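Can you read through this structure? Questions will come right after.
The chains carry the letters A, B, C and D, assigned in the order they are written, with residues numbered from 1 in each.
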Amino acid sequence: MTDQETTSEDEQLSELYADFETENLIPLWTQIADLMPAVPKPKAVPHVWRWDVLYPLAARAGDLVPVGRGGERRAIALANPGLGNVPYATPTLWAAIQYLGARETAPEHRHSQNAFRFVVEGEGVWTVVNGDPVAMRRGDFLLTPGWNFHGHHNDTDQPMAWIDGLDIPFVHYADAGFFEYGSERVTDEATPDVSRSERLWGHPGLRPLSGLQDTVSSPIAAYRWEHTDAALREQLLLEDEGQPATVAPGHAAVRFVNPTTGGDVMPTIRAEFHRLRSGISTETTQEVGSSVWQVFEGSGRVTLAGETQELSKGDLYVVPSWTPWSLTADTEFDLFRFNDAPIFERLHFNRTYTQGSIR
Amino acid sequence: MTDQETTSEDEQLSELYADFETENLIPLWTQIADLMPAVPKPKAVPHVWRWDVLYPLAARAGDLVPVGRGGERRAIALANPGLGNVPYATPTLWAAIQYLGARETAPEHRHSQNAFRFVVEGEGVWTVVNGDPVAMRRGDFLLTPGWNFHGHHNDTDQPMAWIDGLDIPFVHYADAGFFEYGSERVTDEATPDVSRSERLWGHPGLRPLSGLQDTVSSPIAAYRWEHTDAALREQLLLEDEGQPATVAPGHAAVRFVNPTTGGDVMPTIRAEFHRLRSGISTETTQEVGSSVWQVFEGSGRVTLAGETQELSKGDLYVVPSWTPWSLTADTEFDLFRFNDAPIFERLHFNRTYTQGSIR
Amino acid sequence: MTDQETTSEDEQLSELYADFETENLIPLWTQIADLMPAVPKPKAVPHVWRWDVLYPLAARAGDLVPVGRGGERRAIALANPGLGNVPYATPTLWAAIQYLGARETAPEHRHSQNAFRFVVEGEGVWTVVNGDPVAMRRGDFLLTPGWNFHGHHNDTDQPMAWIDGLDIPFVHYADAGFFEYGSERVTDEATPDVSRSERLWGHPGLRPLSGLQDTVSSPIAAYRWEHTDAALREQLLLEDEGQPATVAPGHAAVRFVNPTTGGDVMPTIRAEFHRLRSGISTETTQEVGSSVWQVFEGSGRVTLAGETQELSKGDLYVVPSWTPWSLTADTEFDLFRFNDAPIFERLHFNRTYTQGSIR
Amino acid sequence: MTDQETTSEDEQLSELYADFETENLIPLWTQIADLMPAVPKPKAVPHVWRWDVLYPLAARAGDLVPVGRGGERRAIALANPGLGNVPYATPTLWAAIQYLGARETAPEHRHSQNAFRFVVEGEGVWTVVNGDPVAMRRGDFLLTPGWNFHGHHNDTDQPMAWIDGLDIPFVHYADAGFFEYGSERVTDEATPDVSRSERLWGHPGLRPLSGLQDTVSSPIAAYRWEHTDAALREQLLLEDEGQPATVAPGHAAVRFVNPTTGGDVMPTIRAEFHRLRSGISTETTQEVGSSVWQVFEGSGRVTLAGETQELSKGDLYVVPSWTPWSLTADTEFDLFRFNDAPIFERLHFNRTYTQGSIR
């Protein structure tokens, strides 16, 4: 180094930054604007995936790509365009279409990642969760909480596709993932209409005395469409009768919950079903945390950060953190939603902004 | 007083005790054996009340005693023979048969005491809870948690009777009771099959987004027999299939719970339904806290502190704290039970002793 | 019975009531006014016990009544004049002066009842809780939660007296009491200044890694006067500086808590220390549940249901449920209070009324 | 596209993958090995930063880089070599040395990120948290929970440096950050020895009645070295006396906790202090989640994934998720540790493996 007294401050600074780099150090003052913005600036972007694009691509994969040990699942993930080349719908959430051809089996495994399935159309597959065969049918919401063995098998001559939701991106980010292979085939090939978990737990307000210990995730393996539909229908009928029932005028909604606690079905994932009357619009809302929505029935429009897109059956879209969103129903409009809100609520980072008031 | 030196110790002691009495003091050492026994020594005694005695007495009251403001309810309480002349089934629990004649109304009121109804036979009455008319039918378990206005009206030409359970003795003991009169007639005379509370909350695993705040007591006004029966039946079928489901071999049981928490329906009262296969006996059990049981269907025997009694439909019996009890089923045997276990669990006094192991 | 048609209604009614009695039944309609009043009507009455009466009586008992196995403790209980001849300060709470002569020992035992000691004057006794000797000194609040073995021994040539508080009346009422004898002498006769529990747990905001499991009752055996005094003094100094710290102007107060939860020290008993500046009066307050207060230092007045009494050091008084009370300080005024509020809060019966607003 | 029948499967597959890419889709089967490994495979690596390197670099920054609005803090972050060029000690945790020259002020701001300071040497700076000036001295652990305004000012003619710990990486990842500027100077320039928060909350087992509402983060702004040191010393003395107190033989440890709940000081960050007797080694442990340790006093060695490094005063090292670690003390050895365990416990991903047993 040259004589300190003649060294310019700029040279000293450059040398300091070089020494920082050598010593695996980075100063805050060059990073703070990006690191700590005034409000969240997600890299993830709003995006819509069309069911009439997704399903044919999944079917082509069904023809070309076998399902089995190693690849494990014929699942094709939504890759948020803002996140770079990773199979993440949002920074925390995985959303994929999974496709199982006639008579195919996806082998059993288990992992610490929490998973669910949602069925927008079709039937004929049983997912077997810790040995309990669970029929999958249109409108059903099905759980595979972390560390439960599970596989799927198609008992029909028709293919079936559905949506998988998991916390894979979060678990990968957080280095919290464990994974184990299970049976090559599902451990129970029975095809009952109703799973054992539903027979034990699917009675409103009734808890088996054999199940008094609270569980981290819901013990109900399948939330059936007939119940979801009835709950939403009754909310709108009660509203018609002038009774409090809907979350906003013309907007019925239910949350899928763990009956042992009344809380979310799994520690990282919230799941809800929404029904808007034709013509209804929601207030524009911003939330900390990200969501994935899928249209179940009807048509309407979503406005995401000011841009409006038409939606119809099966279409999926993502709402990144703090992105303003609103929905408008052009018909009666049914949508399934899942998000990472339990993470933010449990860590007390949740914030919601709706029309001028922070809650 | 005589010269201290010549006063005997006995005299001094008598004087001391007299002074204690004057000053509103009582020494521990004369009381401890009764106050603090090695195990609970309840004054309440085991007792059986027969439905074929109770019902005719209630019917006679129906002929002779009007129902209305002041007396409020035509309810006739089980008075535990051990407790002296008080209308208490146990130190904490009230159990009564309530009888409402054809077209009669029991006026609305509210109180801090928690209440429920259980229907062993009959129908035709609607209990109106905070304006929500709730049909009462055989096998139904109906809630009126503390401080909810409620009245009953019989919409038929037949009388109807049912069981009321409350925490009146506890609230009276604890000086915690508040009471207010409401409407002379029920505020909604509609007679729907299903209450609004059930339409909003009675869907398994589904929580309305308009009801995300946890509630102290269950928001479900009626737990219907068809659900209870199905839940018990499925437990026995699962047992037949070799699956874990029953609380003990041949013994199916459910607890009625608050869907917002998974916990008991009300802060002081637990309610359960038990079904024993014919021929099954339970283990002899001792529990801190007291229970009231009612036979719903079938016949069998209960052994209470070593004495066995035959039971048939509608019979009620009480189990005082720490009294050994066991049940034997002579047919398929359905029983409703309520107790004060939430008090003891929340205050950490709960203990159970079953066949040699303290839990 | 005579011919039914000629029997008057009165006769029929008399017969009905006689049959009720035979069958161990009592109708609600004759009882409801007493059973379910509009607001709590406690049998317990407000009452003051004077320290200068209590202490000499205890000393006389010290001369006349030995302490030892069987009687267990030389404890003389406040007997509420409204409750009949029972040693209960209130329906739920036991309060007694306990007196231990020079070199005496009170033998070890344990019980499910929760207990504490509060020392208004004196020192020289060690209470040994599960083998941990705990020095007792003026101003200290000492715990013996349910089912911990404990005995006391006086290591000096002077007698010592203090106040015992327990939930004996509640546990007796609720048939929840278990009792076991322990060692005839205390199991550790050491006389350290500080107990082991304090050395492990008495560091503010620090939790031992060996104690991460939450405990039902506080693991701290002694809450020392120097801490209580400092906490109260700082609240008043902060108030002087214009900072929020006191519970009301001129009124400093702390609650003794379980450091594993931040909640009450024991499941049934709340304990607090209050300091009023000279000249300060509290608002008149009504609370569900009962309290016992003891003056620690200074003088003032309490108004109980409209009647005012002078108070000075050591005086004890009880406030039954829903009885209006207020305090006025004639000097700086220090008071210890314990009550049964945890019972009412855990069972959701708590209500407080202060100057027109129900909280 | 050419004739379908003559197209090879490979070509079809390439076309399918190209279409996936066009449609923002990525298949699971090409990603699963990286995404869902059998056990966590963190990108973060174990690394040690030396205090005798860090401090001089911070001092050079003190000469060359002003502190003030915009850059906000003269903080230099540990950048984990495995994470690419980001200022993250681990995927979730920020750790930096902050340096404040004589008489300098770091302006006030607030952010949703949770922060603490730990002082390994020096004194003379007050951190002002929501208007409460908090002295910083060697051994102190100081909190700035999310959304509290805070600034720092050096009231002496000497520089001072300390360690900042935050959840910046987690909050950035999760898009949950909010940030606001406050006062240019600290809002209270007083220099008291003890903060107001300590005067209100720093009394063991005592809770102010003005603070009965539980808080998300601890209300104690400073955990003082004299308390931490005393707690650790007592644990070792109790161990000498044969009493249970230490977490393992020769290993004393405390967790800094929120006195309103007994839980962690902030929702995302756990902080602990460990003291090993000379010669003691810990068992080799693997944990889900990452930690940062700093040597406070003494010397020893850490073994991280099989590699051992010498440690002395001020040295910092990081332990990525599931990386085996153990410590050996060559003298009495005092270490401060913070980690992200609350995130994993609240989301139920926590696992620990120690010498053959998974807990």
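Criterion: contacts are C-beta pairs under 8 Å (C-beta built on N, C-alpha and C of every residue); 3 or more make two chains touch, one makes a residue touch a chain.
Fair warning: this is a prediction, and the values are worked out from it, not measured in the lab.
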item	value
Between subunit B and subunit D, centroid-to-centroid distance (C-alpha), Å	52
Chain centre separation in whole Å, for subunit D relative to subunit C (CA means)	43
Where subunit B and subunit C are represented by their mean Cα positions, the distance between them in whole Å	30
Overlap residues in subunit B, where contacts from two or more other chains coincide	none
Arrangement of touching chains [line / ring / star / complete / other]	ring
Touching pairs - complete list by chain label	A-B, A-D, B-C, C-D
Subunit A residues touching subunit B - in the complex, by the definition given at the top	196, 199-210, 212, 214, 218, 220, 223, 227-228, 230-231, 234-235, 237-238, 241, 243-247, 253-262, 265, 272
For the subunit C and subunit B complex, residues of the former touching the latter	9, 12-13, 16, 19-20, 23-32, 35-42, 44, 47, 49, 53-54, 57, 60-61, 63-65, 70-81, 85-87, 91-92, 96, 111-113, 146, 168, 171-180, 216, 267-268, 288-290, 320-322, 342-344, 346-349, 351
